[in-house]
Each structure stands twice: as structure tokens, then as C-alpha cells.
Amino acid sequence: DAHSSGTLAQIQERGTLNCGVSTGLTGFSAPDANGEWQGFDVAVCRAVAAAILDDPSAVEFVPTTGQTRFTALSSSEIDMLARNTTWTFSRDVDLAFEFAGVNYYDGQGFMVPRELGVSSALELDGATVCIQTGTTTELNLADYFSSNNMSYEPVPIETNAEAQQQYLAGACDVYTTDASGLAATRATFEDPSAHVLLPEIISKEPLGPLVRHGDNEFGDIVRWTLNALVAAEELGVTSANVGEIGNTTENPEIRRLLGTEGELGAMLGLDADWAARAIAAVGNYGEVFDGNIGESTPIGLARGLNAQWTDGGLLYAPPFR
Amino acid sequence: MSELHSETALDSAYVRTEMLPEQAPPITAAGPVRWVRDNLFSSIANAIMTILSLYVIYVVLAAILPWVVYGIWDAGSLSECREIREARYGPLDGHGGGVACWAVLVDRWDQLMFGFYPPELYWRPILAFLLFLGGIAPVLYDKLPRKMLILTAAMPFICFWLLWGGSIWAPVLVAAGFGIGWAIIKFGTRFVGAMTATILAFIVPILFWVLLVGPLIDAFHSVAPIGIESVQSREFGGFLLAFVIGASGIILSMPLGIVLALGRQSDLFIINKFSVIFIEVIRGVPLIVWLFTAQLLLGYFLPPGSNFDLMVRVIIMVTLFSSAYIAEVIRGGLAALPRGQYEGADSLGLNYWQSMQLIILPQALKISIPGIVSSFIGLFKDTTLVVFIGLFDPIGFSNAIRADTDWNGIYWELFIFIGLCFFICCFSMSRYSQYLERKLATGHR
Amino acid sequence: MTVSDEVAIEINGMNKWYGTFHVLRDINLTVNQGERIVICGPSGSGKSTLIRCINALEEHQQGSIVVDGTLLSNDLKNIDKIRSEVGMCFQHFNLFPHLTILENCTLAPIWVRKTPKREAEETAMHFLEKVKIPEQADKYPGQLSGGQQQRVAIARSLCMRPRIMLFDEPTSALDPEMIKEVLDTMIELAEEGMTMLCVTHEMGFARQVANRVIFMDAGQIVEQNEPEEFFTNPQSERTKLFLSQILGH
Amino acid sequence: MATLSDPPAESFRLSQLIYDTRYRSLTIQVIVFILIMLGLWELVSNAIQNLSALGKDFDFSFLGNRAGYDINQRLIEYSNDSTHGRAAVVGILNTLLVAFLGCVTATILGVIAGVLRLSNNWIVGRLMTVYVEGFRNIPLLLWIIVIFAIMTEGMPQPRDFRGDEPEASMILGDSVAVTNRGVYIPNLVFTRSLGGNEMSEAADGVEAAIVPSVSGADWTLILVVLALGIAASIFIGRWGAAKQERTGVRPPGLFWMRAGAIVIPVAIVLIVLGATLDYPELTGFNFSGGVHLRNALIALWFALSLYTGAFIAEIVRAGILSVSKGQTEASAALGMRPSWTMNLVILPQALRVIIPPLISQYLNLTKNSSLALAVGYMDVRSTLGGITINQTGRELEGMLLLGGFYLITSLVISAVMNVYNNSVKLQER
Amino acid sequence: MTVSDEVAIEINGMNKWYGTFHVLRDINLTVNQGERIVICGPSGSGKSTLIRCINALEEHQQGSIVVDGTLLSNDLKNIDKIRSEVGMCFQHFNLFPHLTILENCTLAPIWVRKTPKREAEETAMHFLEKVKIPEQADKYPGQLSGGQQQRVAIARSLCMRPRIMLFDEPTSALDPEMIKEVLDTMIELAEEGMTMLCVTHEMGFARQVANRVIFMDAGQIVEQNEPEEFFTNPQSERTKLFLSQILGH
């Protein structure tokens, strides 16, 4: 497959990474007042750019909508897509993409106003539900309600900002989207405590970056950059100590990860310190999480499933060897 | 008959000896009293409507004005705005009330205007905009010296260069292609005949652009590296994006529109039918569908491996779209010309292209300018649709701004501001086209 | 061609302003039944305005106009009554382009006079014959020449069987050959004794049919006299000047 | 040109292809044809190559697959088990519905605004100018969003209707509820129905669609009676006109007779069928019963109507102004009443000028209804051109179908326009 | 005013149809160098069509037209050649309203004849002087009266230095005063020996300058003769009828 192979070479020649992100999702990707993109997904892009080009700012962020994201990727307009996209069978197989891993384990949840007095999704029979269109969300919703023999009225909305406004105005009783998005949205309400997230999570939503089928070299780079961030947290490597720990530590896995030992970088076609650059640029997974969506931010998400496996979470980076 | 005359004539013969002076009309016939009576209270129904209208105006203004006027201009985020509001005007009572938080405009002004364009280069789009105004001025006002049309011809290339930057050779060589075409028509006719020259004048520049321009730019640039910092299309946004898409759409669609209009007027069956099909297909499908086509499908139809950036694809689609509308406008202009003009040109021995270029098009285009301006207004308004394919036009930016934690929840302020900007631009353009229509209606025919 | 003593139109001390512009100044005019009056004067002197006031197409601000015993006031009934007694021919004919000639002629009789359609059509054909274009009855105005159109306009007015006809420069929009057609029709009407007020500069017509010629200037009636006298021996300086211009032309 | 005047001896020379008027046009056309065909071939072959490179085929069978998503507003039966094809049809019907409603109200608004703009009331004229200029010079998308926002922000929520002292209450004798989810109006149901209820209760668990239960036989009966009533009314109109032709006098009360001929039989049928109104009432989260006009529909409908109405107002104004003042004066001089002048002289002439641009405004409105996605109205672009394409990855096929639908719609509308134009062309010399 | 033996235009057995309507029937006409021919006939008789065929503005279907030795065929080169030898004046002038008078006159010489601009302007001024309006050179056609416009149209044709001039009712769209201006210009041209074909009903003009008058009816040449003979002693009944109408008028 001529034109998708050599993505790495193209990026290196171009000097920038074209990374598809969402047109604006609080905490995950949004431009700030200076026009700098910020967020959890954005950090993945920057990490990959740092690994390949040694420059976390050498990223062209391409905003994509739910409708346009896959075409942008398959037509090579972007090199990778880091936009809360659920890893599903048909996307992986039929749409011919390759998921490079999971950077956020999510699930679809519901948010309702507290005064409604609803405590379970099973009480939502007949409710009006705001939903973002063009995503797996609407399929999950249809499945959930029909399998529980309940009726509902969908109100499809194009963007998160719009959906949030509808929900706040009471045009729908329930807002459903990925739980992370719900939490992020709730965090910015004038009175967040007036809204509750229902306990039911009705789907598995493993969100992760993806690349085109057929260019395994580049796929590997994205996959292992993500893994490097996760492993770095597990191994205690942070953006603060990444500079010296590679030389000071005795831990051979850290040394391999940071390129002070072994040939991992060369196998990927990159410099030896590729992972060190990525970590130095954005921090390890935990730092990225805490800096963008963690409990210290207005969004205030707990680690939950996204904790390291050692802490009872699902994050489990394969060994670097 | 004559006796009748004399009978009546006696008592009706009359000569005024002294002319009556002009008098002021009675108060009921002129002045403000008359005006109010005529315009506001000429009948009972009218009086009721007047009072109703006044009431509606009062209600609307009373609801909106305080919100606008007491708005807050200095805050760094929506929550700051809310704090300031509470400090100034006390807590909100239930629904409504409240004041605007205009601070978001101050905070995000640059983005709404220029998008991600590098701030240190803002002078370039501004200069390009001024050049654009200077370039179209002689087209819009025929009192300006005709020499300024040179600026008009150069303007697209200079603006392109200013906006995107890069090597100066790119616009120069593209312009050179037009020069080549012109030279072929001008000097080639003598050697190969008018028709062959015309065909060559189409084909040679296209070959030049496709095959030679790329290498030549590199060659020239390596010899004389003159250029300014280049800016990616992705960094365009806000009103800059709307203007660039609208203006390139209209400028690029003019030649295509003229060709289509001539094609649709042509007696040549195939050319006529192709033009008709093209125009009808383009006009029959909504722009938003064409934009999705640009986003989703255009890549399929380009040679494998080639890849334009999204903005170029959008400009291509918008150009095709507006060329169909422009073609219809120009067709109207062509149809409005009396047959005698064609015959006059024929009888002098001018050939088809000469009579088009010298006689028909100058007149038809002039009649069409109001219609073209209206198309431009429509096109400019339609640029907002690019938000659906992920470009950051002003409305797209309003979404992105609201995705920022600082401004999450802001709503009306952005829309009112965007609406106002569009209104100012479009309204002044529509006034201009109305002025032009009146001028054409009274002008020489 | 008899002129009775009965008064058809009586205008008394009439004044009219357009905004602050005094167009008609103290107009006094009595027209008897069967009289044929030609009004002339320089452009802008208020001739058309005078004619249009009689028909209530313009309102006047002072003075009175009595047509056939009916005072022209704001009363809609009076206006309707006067309009159905007074026919009017415009310079630009103002035929209804979407109706055939016959329909143009029967429209008002059917709706205003409540004449049965059949009867209205018979009347219309009668008058179309009179103006010598019965064969055009089913055509549309756009298909007729200017002279024919003006004759249709006359027939249309006649179909309402008006007692008074007003003409506002009926021939000035026509080509010379067509002027004759229209003037012939008007002369024929005049010979039948119709009361006529006609704004025109066709002096031949005035000489041949008018009982009286009225000369207006600056919104006032400057001179009136019988045609012979008026043309050969004008009294006022203005009239002389005006006549020298149009006759010398 | 002179076929016979050509010297017969002359044989064909190649230069004749360019210089002989007979062959020249053929030459040009052939060249253009070849160029265009080459261009088209280039596009098609690129597409084939690109598709195969991506491992995609060109296949419409996805239309038969299960759609899997729900659509809130459906004019025909649909559930998430239905096919993508059916979803597309639901979308098409929704597009046509909003386009039809929009055209009707835009016309009404436009005519009123256009006439009022000519009114001799200064303030009213100015107000209409503000309306027209405001809507014409601000993008439609913005208006759709803003009107949608006004509806959601400005109207009460259903839960405001709850409780002993509700913050909001239903209007028109508790029959209509205006909420920020849409407007609920009473629905006709028949107690003595003839049966034949085709549309079963929504089986799939989604709340009932816009027309919750259309009982086939009942509505057929009503439509038949209505048609008969209209026919009778036309007949009475003819009779009145004939009477006027004969006697010159229009029968008095003709209008009431004509109206009665339509209304009375329908009323009788309704009574016989035991028609009662099913009022919306608040149950659970939402109102149930009655007909639910969703906010998205209303916002889109209003925005399209107001926007297009502004353009129509200008068309109407220009149409009326195009009829020269002389026509009014001539009519007045004949003694015609102003209302007759309007109906018999001004309108027939103005309509010729008004209708062609009016129809192209209808066309624009229909195309503009594709902006439905701004408010989540499930039109054909959102179902077929949105969710379906997104779930199946069939961009090429989906966009082709979508474009084809819009193209056919507009070709039909312009064909109608041409027929009309030809039928009212003024006869000229 | 010399007529040479050289043939300027030769039309042989020419026929033309509009659709199925036979407008020109078997036209045979030879015009010598320097001859001045007036064509007259009732409306619709095909006069304009004949003139326009000579200039290839209309195509004919049968017969041949030879202008100055060049056969009018489908060959574009021949058409171009003939058009540059033949000047044409239309009833409605057809000046180009967006160009000044001078530009109107220099356009064709510059683009068709490839004359240098300076030279073309000199020629143009020369002919504008000839038609007595050099002072209008920088005005636009819309600013000129009808008579002046028609004279510009003549000058514009002359600038191409044609050997033959065709006139299609050049004075019929003009007011009477202006007709004279234009006729004077044409008479002057005639005196210089220009070959002229002129459709006109100005009989005075025909008498004064024409060598031959041709009368057409129903698409055929009915009669041709010298002017004196033609007017005083027409042969055919149709000609007599026609002359009685236009002379009596």
C-alpha cells in the first residue's frame, strides 16, 4: 500500500505531525486563549511528536467532527487520530484502522438533575435523552433501552457544548455520553452539585488513538509511545526526573525504556531517547491525567479504571524488552 | 357650429390680468402635522397598528437593552464574570435578569478575527484586506481611474502571497501563466489563426502550471530566495477564514462562471448541454452536501497519493458552487443586451472572442454586478456552514471557546457578536448593490 | 352638437398643493353639458392635475368641485358616483395587459354597473366598432399598436356610458400616423355631443371641435376663449408667447 | 450557409475543419466532448483506484442492513431494527415535511411583510424593513441556532407544569402545552372509529411519533368528504359566477355558502365518527397523548420560514411595485373599488412577476432544510447522510443517494416553474 | 459620381427561408462599383433580410453572393474578408454604449485590421470631421442625440475603409430634424463615389442620389429603374399602389 506506508518518513520530512483531535471537548482538547491546544488527547499527540521529532510543539492539530474524523484519517489528511474514539470491532476491521491502545477506559453513563429524584437508569422510562450524534453512543442507548423494555425520546445534538446547553435548559431530562465527558461537563456547571451521575455504565468505551491499517511501523510508534507513558508512571519515571534517572537507576527496564540500554529506539526507527523525550514533553500517564482531567483540575475525574494495574486499575503496559 | 361658439364664447371669454402668487398650504396639507396624520394615523386600523408596533418595540428593547448595556467587559472567565455581576448588581433573582459577559470577546477577540494565525503576522491579513478593498474599488466605482484595474489584476496574487506567505515565486509564476496565455492570444493569432491561438491560450498555461511551475518555483527560489514566513491553511480561522473562503470563492468563480454562462448561451449543442447539466446539478444540491463531499469524497477523485488540505478543498467546492450561481447571473446580463450589439460587432468583422471580450462581456458584466454582489453576500453567509466539517469559522470558534473551561456556558454574547459582524458586512454590501441597481436603472442604456 | 344650459362640472375657488408646492391656484371653471373644452399650456402648468382632480384621482385642499350635481368630497359614495359618470383617457392608455381587449371593456360594467356579462359584451362590441377595431376584441393589449390601444382605452371608458370624458394628452405618446386615428375617434365622439375636457396641444383638433380653449400657466387659468379668437387674437402676453412657440414649431 | 453556392469541385481539406462554418462548430464540439470525457474518465478511474487501494467496493447493499439507531420523529413506522434504507425514507419524509411547512408559513409571512412594507404606516413599514434586512443579512445557520436556543431557554420545562402551584400552565383551555421540548397539541381520536388502524402503538419502546395513530379508514373517509366539499364549493363558485354573468349581480353570501359547503359535511362526519380530542397530559418525565411538535422541528421550521419570508417579502414588494401606478389609476377612474382593483387588476399582474422567484425561494428553502443537523432534526441529511454513513463507512454511496434526492427534488420544482412560466407569458406583439 | 464597369456585388438566384417561410425568392442583382441603389417596398417584404445576407449576418440557403470577387461561402476567411470590405449602418445605430465615440471608431481598425492605435485615431478623427462631429469624440453614445449617433455609426463603418456601404433604414428611428443631418452625410458620401445599398423610404434622397431604385414585395424584386422613371412612371401595379401610399402620406 504505497501511500500510507512511510508515514514516519513523511512526518520526518514534513517536520510536523498531523494529529486529528476533537473540535472542542473540555479537558480532552480545546484551544486556549493563545490558540494553544490543551487537553488529555492533545498530550498524546504531543508525546508522539516529541518521540519522533524531538519537539512537542511540532504538531498540526486538525479539528475533526464525529462525522469527519474517519475520512480525515483514511485519506491521509491526518497521520493519527487522538480523539475520544471507541475501539470497536467494525472500526478496527471493517473501516480498516488500527487502534494503538487505550488511553482512557470509559463507559457510557447518564447524568440527571438531582431534583428529578432519579437514582437509577432503570427509572428513566419515557425520558427525553440528549445525545451526541454520529457516535457509538446512540447505538448503545438504543440497545440499552430496548433490552430493558423502556421507551425514550432521543434528542440528537451535534456538539457537546450544544448538548450541554440543551440539558441545562431542561430540554432533556437526561444527558448521556461517555462518563468522562459527563464529569467534565458537570464540572463546569454553575452548580455542579445539582446534577448526579447515575451509577449504571451501559457500555464499555475503550478510547484510544488510532492510525491507518497497513503502516505497522508508525502504528508501533504510536502504540509504544502510549505504552511508554503508562510504563513510565508504573516505573516512577516523571517529567521531572526523566533527565537523570536513566543514568542513575539500576532498573534495567527503565534503562531500556529511556534508551540508556538496548536498541529499542532503533528498532522503531527512532533515536534511542525517544521515550525519554515523550515523557519529558508531557510527563508520564499519571501526570497527563492529573494535569488535564484529574481531581486537581476543575474537571475532577478520579483515576478509577484508569489506575495502574498495580493499583487495581486496567492500565497495564506490556514489558519493554 | 360657429353660432354655437359665439353663444358660449361671450360669457366664457376670460383673461387673467394679474397672476396669483404662490401661497403656503393650509396646516393640514403640509408640515409635521400632516406627516404624522398621513404616516401614522391615517385610519383607525393604521392607528392601532402604530400603537401596537410602538408597544412591541418597547417590549423588545426593554428586555434586551439592559442586558446589553450593563454587560461586563473586564473578566478572565465566565465565573469571574458571574462574580463581578454579583458584586455589582446583587444576586440573580430567579429566571432572566442578568447581564451580558462581553469579556469573552475581549479575551478571544484575536481568535474570532484571525483564528490561529500567528499574532506577530496579523499585519499581513490586514494589509491583504486593504489591498482587496483597493483592488475591487475600481470595479465597484467606475469613477475611479481605470489605471487602478492593474491593481485589481495583481490583487489576487499579492493577497494570496501575503496570506499564505512562502516564496514570492509561487504567485509570480502562477501570474506568469496568465501572461503566457495573453501573449499567445495577442501575438499568436498572426501565425496560427484566431481559433488555434485561443485553444493554445487555454492549454499552454494549464500545462505550464501543472508541469513547470513546481520545479520552476524551486529553481527560482534557490537562485533568489525571496519570501516571507509561510502560514498553514490550518492556522486560518474566525472571520479571516470566512473572508478568505468567500473572497477566493467569488474571485475564482468569476472566470468559470463567465465560461459557463457563455456555454449556456451557445448554440453548440454539446457545450450548451454540458453547461446546463453542470449548472443544474450544482444548484440542485445544497452547499452543505457539497462541503461534505469536499470533506469525505473529493480525495477519492484526485490522483492517488495527492492530498490537498481541507481549506483548499473547501475553496474548490465553494468555487464550483458559486460559479453555477454567477453563471446564471451573467447569463441574465448577456440576455439583457440587445441583439444589435452582437450584430454591430459582427458587421465590423470582429471574431467571436474579440466581440465577447471587447463588446459583449464588458457590458454584460456591468449589468451583472448587482447580481454578483448578491451572490457574494449569499456565499459569505454560507461560509458559516464549514463549521460542520470541522473548520473554525466564527461559529466553529464559538464552539471551541465554549469547550474551554474558562468560558464553558457562555452563549448569547458570541452569537450576537458574530451576527452583528455578518450583518454589518452583508448589509453594507446589499446597500451597495441596491445603489448600483438604481444607478443602472437610470443610467444610459 | 348642442351645448345645453345644464352645468356638468362646476369648480369653485379650487386650490391644491403638493407638499408646499402650490400647483393649482384659485381655479374657477364651469362646464356645461355637451361642451367641448381644450386645455393647453406649458409643461408643469397643472393641466393634468386639474383633470385628475375632477376625477378624484388627486385630492384638492381648498374649494369645491361639483360634477353633475354631486359634490366631490371625502365621501366614498360620492367619489364612486362621480367616477362612474366620468370617463378618463390617459396619455399611456393604461390598458390592463393581462385581459383581452373585450375583457378590458367589460370589466368595469360587470363589476361596477352589475351589467350581465352578455349585455356588457354587446355594449363593448358596439363601442369597439365605433372606434373601428371590433376584430381585435380577443387580442391582448400587448399585441396592438399604440393608436389601437388608445382607441381601446376610449372604448373602455365609453362602455361605462359616462356623461363626461376627460382626456389627458391622449395622442402625445403616439406616432404621427396613429395620432390621426385617435383624433378621428375623438372628433366623432364630439359630434355626438359628449361633454369633453381634453388636455392637448393638437391645435387642429382644438379648432375643429372645441367650444372653448383654456390656457393655463403656473397653476392658474390665464385665458379662455373660443378657438378662433384664442388662436388668432390672444389677449395675454403669456398666451401669445406660448402660441408663438407651438404654432411656429 | 450557402449550400448550393459552394463550388462543387472543391474537395474536403483539413483546414475546413477550422475555417468552414459548417465543420467548425462540429470540430469545437468534438474537441470539448473529448476533453470533458477525458476529465470524467480521469475522475472515475481515480475513484476506482482509490477505492481499491482502501479495500472498499461500490455497493448499495448496506441499505438493507439493520440501522441500529433511533429516530425521534417518524412519519412512517420505524425502529432501530429497521434498515438503513427505511431510515433514509424516514429522513426524506422529515425533510419534505419541514420543507412543506416552511414554504407555507414563509409565503404567509413574506406576503404579510411585503405588503406591510408598502403600508403607508411609517412605523410598520420601518419595522418590516428591520425584519427583512435583519434576516437577509445574517446567516441562516445563526438564526437556526438562535431560535433553537430561544425556544429551549425561553420556554418552561415539562416539570414546571408539575405540582400544586406549577410555574407554567397549559394554554388554550389546558389543551396546548408549550414546553422547551416542543409543543404538545391535542390530537383527533375517533371513539366510533371504523377500524383499520394501520399504525400500531410504537412497539419498539420509543415514544410515539408525530402522528401517533392514523386510523386508515377514518381519515380516508374524512379526506373523501373534504374533497367532495371542495368540489361542491367550486361548483357553487361557478354557479355564482354564472349567475353574475346572467344577471350582473353576484349572489349575496356566496363566500359563506362556499365555506359552508366545505366545513359542514366534514363537521358532520367528525361527529358521526365520535371525534374527540386527545389532550396532552403530563405523565412521568414528559407530556403524553396529543401530537408532539418537537423543538428541533419548530426551530428549524420557524427559522426557515422567517429567513425565507424575508426574501419573499422583497419579491412580493417588487411584484406589487412592478404593476405601474397607471393601472391602479385606470381602474379607479373606471369606478372600481380598491378591493376589486387589487383582485382583478393588480394581483393577476403582480403574480406573474412574483411566482417564478417565489418558487426558487421554495427551492432554496428545501435545500436549506439540510441545516437541520444544527438542531438535531432528523432529516435525510442527518439519517442517510449522517448517522448511516458514519456507521457504515459508505460515504460515496451515501452522498450519491443524498445528492440524487436533492437534485430530483429541485428538478421537479423547477420543471413545475417552467410549466407555469410558459402558461402565463404575457401576449406581446 | 462615376459608375465603373467593375462589379461590386453580384447576387445570383438567391433564395432564403426562415424555417418554412420563404423570405427571399430568386434574387438576381448586380451592383457595379460606385453605384448607389435605393431599395424600397412594404414592410416585411424582405429588404432588411436582403441587405443582411450580403453582410453574412444571415445565411442564405440557395444561390450565390459574390462581393468584390469574393464568394460568400461557409469559409470563415471569406466571411471575414467580405465583412471588412462592407460597412453597415443599422436602423438603431448599434453603437457600443460602453466605449467613447472615438473608441467606437477605432475598435475594429485596431483589432481587425491591426492598425496602430495612433493611426486608427487619426483616421477616426478624419471621418468624424467628415460627419461633422469631431468635437464629440470623447463623449459616450448615450450622451448624443439620435442623429449624431447615426452619424457616428456611419463614421465607424467608414473607418474600416469599406468599398461598399449598406444602410438599413438609417433614418427611420430619428426625429424629423435629425433626418436631414444624416441624409446630408449620406449624400456627401454618395458624391465621393462610394458604392451604396440603402433601404429607405426617403424619396427625396432616392431622387437626389440614387442610380437605381429597387422595389421589393413578398421577397422578390418587383421593379427596378432609375429614380425619375421609377417615381413618375412606375410599371407594375404594386409599385403604383405602394407609391401612392407613401407619397400621399
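Labels A, B, C, D and E are assigned to the chains in the order they are written; within every chain, residues are numbered from 1.
The working rule: a contact is a pair of C-beta atoms (placed from the backbone, for glycine too) under 8 Å apart; a residue touches a chain by one contact, two chains touch by 3 or more.
Since this is a predicted model, take the numbers as computed values, not measurements.
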Minus chain E, the contact groups are one piece
Chain-touch separation of chain A and chain C, in steps, is 2
The chain whose mean C-alpha position lies nearest the overall protein Cα centroid is chain B
So, in whole Å, the Cα centroid of chain C is separated from that of chain D by 50
Between the Cα centroids of chain A and chain D the separation in whole angstrom comes to 43
The distance between the C-alpha centres of chain B and chain E, rounded to whole Å, is 47
Rounded to the nearest Å, the gap between Cα centres of chain A and chain E is 84
Chain A residues touching 2+ other chains are 2-3, 67, 71, 158, 165
So chain D residues touching two or more other chains come to 18-19, 24, 53, 149, 373, 389, 395
All chain pairs satisfying the touch rule are A-B, A-D, B-C, B-D, B-E, C-D, D-E
Per the touch rule above, chain A residues touching chain B in the complex are 2-3, 23-27, 29-33, 35, 60-65, 67-68, 71-72, 75-77, 158-162, 164-165, 168, 185, 187-190, 297-299
Listed in rising order, the residues of chain B that touch chain D in the complex are 38-40, 42, 46, 49-50, 53-54, 56-57, 193, 195-196, 199, 267-271, 274, 280-281, 283-289, 292-293, 296-297, 299-304, 377, 381-382, 384-385, 387-388, 395, 411-412, 415, 418-419, 422-423, 426-427, 430
The chain D residues in contact with chain B across the complex are 18-19, 24-25, 28-29, 31-33, 36, 43, 46-47, 49-51, 53, 119-124, 127, 133-134, 136-142, 145-146, 149, 367-368, 370-371, 373, 381, 385, 389, 395-396, 399, 402-403, 406-407, 409-411, 414
In their shared complex, chain E is touched by residues of chain B numbered 190, 338, 340-341, 343-351, 354, 358-359, 362-363, 366, 443-445
Chain B residues touching chain A in their complex are 82, 107-108, 110-111, 115-116, 232, 234, 292, 295-296, 299, 304-305, 307, 309-310, 388-392, 396, 399-406, 408-409, 411
